[in-house]
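Each chain gets a letter, A, B, C and D, in the order it is written, and its residues are counted from 1.
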Amino acid sequence: MSGVRKVASAVALLAIVAALSLGAAAGGMGPFFDGIRSLGAFYLSTAPPQIAELVLGPSYRGLSSYSPEVVTSIVWDYRGLDTYFETAVFFLAIIGAVAIYRGIEEPVLRRPASGLSPIVRAVTKFLIPINIAVAASIALHGHLTPGGGFQAGAALAVAPIIVIVVFSRRYLLERGVTKLKALFFRSAGLIGIALVVLIPVIWSVISGEWAWVMQNQWKPGAEAFSYPAYLGGALISGSIWFLNLFEFLAVSFGFTILFLLISIDEDTVRSCMIRGGEECDRY
Amino acid sequence: MNPAKALGPAILTFIAYIVFSGSVSGYDLITGAAIAVITGILVSDFLVTDTRKSLDIRRLGWLIAYAFYYLTIAELKSHLSFAPKVLSGRIRPGVVEVRTHLKTEYGMVTLANSITNTPGTATVDIDPEKQVLYVHWLWVESEDREGVREKIAKPFETFIKHIFEGGEQA
Amino acid sequence: MIDIEVFIKTFIVLALFGTAGVGLYGVVAKPHATKKIISLTILGDTVNALAILLGYRYPGGIPPVYTGQPPNEFVGRAVDPLPQALVLTAIVIGMAVNLLIIYIALQTYRLYGTLDTRLIKKLRG
Amino acid sequence: MIEDITAIAAWAGLALFVGGAIWDLIAAIGMNRLPDFLSRLHAATIGVIGGAFYPLIGISLILLGTDIMGEYRYIAAGSAALTAFLILLLAPAGSHALARAARRRGLYRKDILVTDQQERGETE
């Protein structure tokens, strides 16, 4: 691309940006909306059970999702189908990546990998249980505090990538974290999500009462079905807890598959660094 | 797998879970215990080498004493003594060889990390077979073997010996 | 006399639009596929930040997590949760799309030995 | 009695927090003044321990000592304390990995070293 075209495209983009910002500033909304929109106010006042009781009275408790974390309520209850298909998109992306990866031959492993220095290795060993604890805490408190299944899965996925970097890919494979097992657990998480979503419908077919797909608490018109909001006195917010848990499984093992696919064995890298050569140009 | 072997990592996981959750309700205790059991079984094989040592109450006492000493006295002293050198840029750097009496891997790693975490000294390399650490020192005070060990490793070594190696001939 | 508050608000929004412009420029004008992917990420993240900003409430926005305040105070002060939830969805989908693009780029590099789109065009004839 | 202890905790936390800013400033100045990679690591250590570990402990103490955020302050305090612990554990490992790599590749000034007691083979 010539210099004139570069300048021209930059000027055109700047003009677009200026027009957009003018429009945003001149429109009725302005940069900041100082009140709250009615839909947001509805979510805020119905999602936490304490507020739904106080503000709306007993007749509207069917609209509550029984979770003080309003964002998670929207993600998994009010707009649950969005998230369901979002999970499907993520699943398809991973399936696509695995499909593209087919036909790449795995390099033959020759010697045990050495990894980084003993200090880093010892610290990493110590880190992994703490990492699992933190990720599980984020997932299991997703209905109470900011966080949830996806964030927790991303946090747990730190463990395989750190093991790959510090020890080697081969170390992870020898410890039993293989692509096949990760695919199995990932599928288990997805099947769990599908089951939680479809159980109201199955129940509806069996009992003859009304229930919606992805229903969490009882809804107006479908009062008979509801997931347990409290279990032994602890707030678990019905289906949100289960969905967070299964999403945690699905996302963490999905990331594990990706890291296993994208990483290159230490042996290969070392031989390429020492010798170089035709086949190493690809890496 | 060995249940006793899994106990140490499980306790570590449980404490981390409870601290991160910030509450001790029944829900947290039950889920934390479940996660701790699963994690303990998963990671015990490559984390624990000696079963007896992970459950010794005296080691815990030494660990708390060491944490208190290290986080208050040692850190403050080295921060105050090296801040002027860092600010003025007047340094006398060198790489010195520190021979330790520690034998276990975890002990040496703890010593190396303690040395790195105090400003002014940073572990550059480690040789577990020869029990030697190579330390980059911002202000070299002595170059002979005993002097170096006295200045860099001695304050931490006694504690670490008790924590990881039972404290004989400390 | 310039109202400093209005100025800061407008500046944040304009800066975000500018960043979005940089991302768009990179996607259109950079020949290298890796730089195109980086620009796409910048663009997506900027749009997400703008969406979050639309739900912010200026004096005293608090997080939309109920922590035991009086109900009127919570509903009256908490930021709008809907943009945050939608952005959460958008982040995940953007990541999935990015990932697929990166894998395709990786495979392209293995096949053609380059990621320069001009050269790839020539290779295909 | 309990009020006294919480007030002391909050003030101590605030002191640690403000001290963190000072240590960070010292570390930033040192970063620019020190001559080579290995000596700059020491300035980074000041920034990590004095400027990140102690302020996080301070945040934890502030949250435990005041009554903002209701029950949720314990969650934030626990997260801050665990993050501080992880920094204490991971920062030296990271510094060591960087120092080792720089040493092996020779990315430091040999002429200012007073002594070098590590006998090394030829670096590539």
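Going forward, a contact is a pair of C-beta atoms (placed from the backbone, for glycine too) under 8 Å apart; a residue touches a chain by one contact, two chains touch by 3 or more.
Small disclaimer: the values here were computed from a predicted structure and weren't measured.
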Minimum number of chain-to-chain touching steps separating subunit B from subunit C: 2
Chain pair, C-D or A-B, that carries the greater number of C-beta contacts: A-B
Whole-Å gap between the CA centroids of subunit C and subunit D: 31
Computed distance of Cα centres, subunit B from subunit A, in Å: 35
Whole-Å separation of chain centres (CA-atom averages), subunit A against subunit C: 17
Residues of subunit B whose C-beta touches two or more other chains: 16, 20-21, 112-113, 123, 125-126
Sequence positions of subunit D contacting 2 or more other chains: 71-72, 75, 82, 89, 92-93, 96, 100
Sequence positions of subunit A contacting 2 or more other chains: 117, 119, 123, 126, 130, 134, 141, 145
Chain contact graph, described as a line, ring, star, complete graph or other shape: other
Pairwise chain contacts, counting only pairs that touch as defined: A-B, A-C, A-D, B-D, C-D
Contacting residues of subunit B [partner subunit D, same complex]: 16, 18-23, 75, 79, 82-83, 86-89, 91-97, 112-114, 116-126, 134, 136, 138, 140, 143
Parts of subunit D lying in touch with subunit B, wherever the complex brings them together: 23, 26-27, 29-30, 33-35, 38-39, 41-43, 45-46, 48-50, 71, 74-79, 81-82, 88-89, 91-93, 95-96, 99-100, 103, 112-118
Residue ranges of subunit C in contact with subunit D within the complex: 65, 67-69
Contact footprint of subunit D on subunit A as seen in their complex: 116-117, 119-120, 123-124, 126-127, 130, 134, 141, 145
Of subunit D, residues touching subunit A in the complex: 72, 75, 82, 86, 89-90, 92-93, 96-97, 100
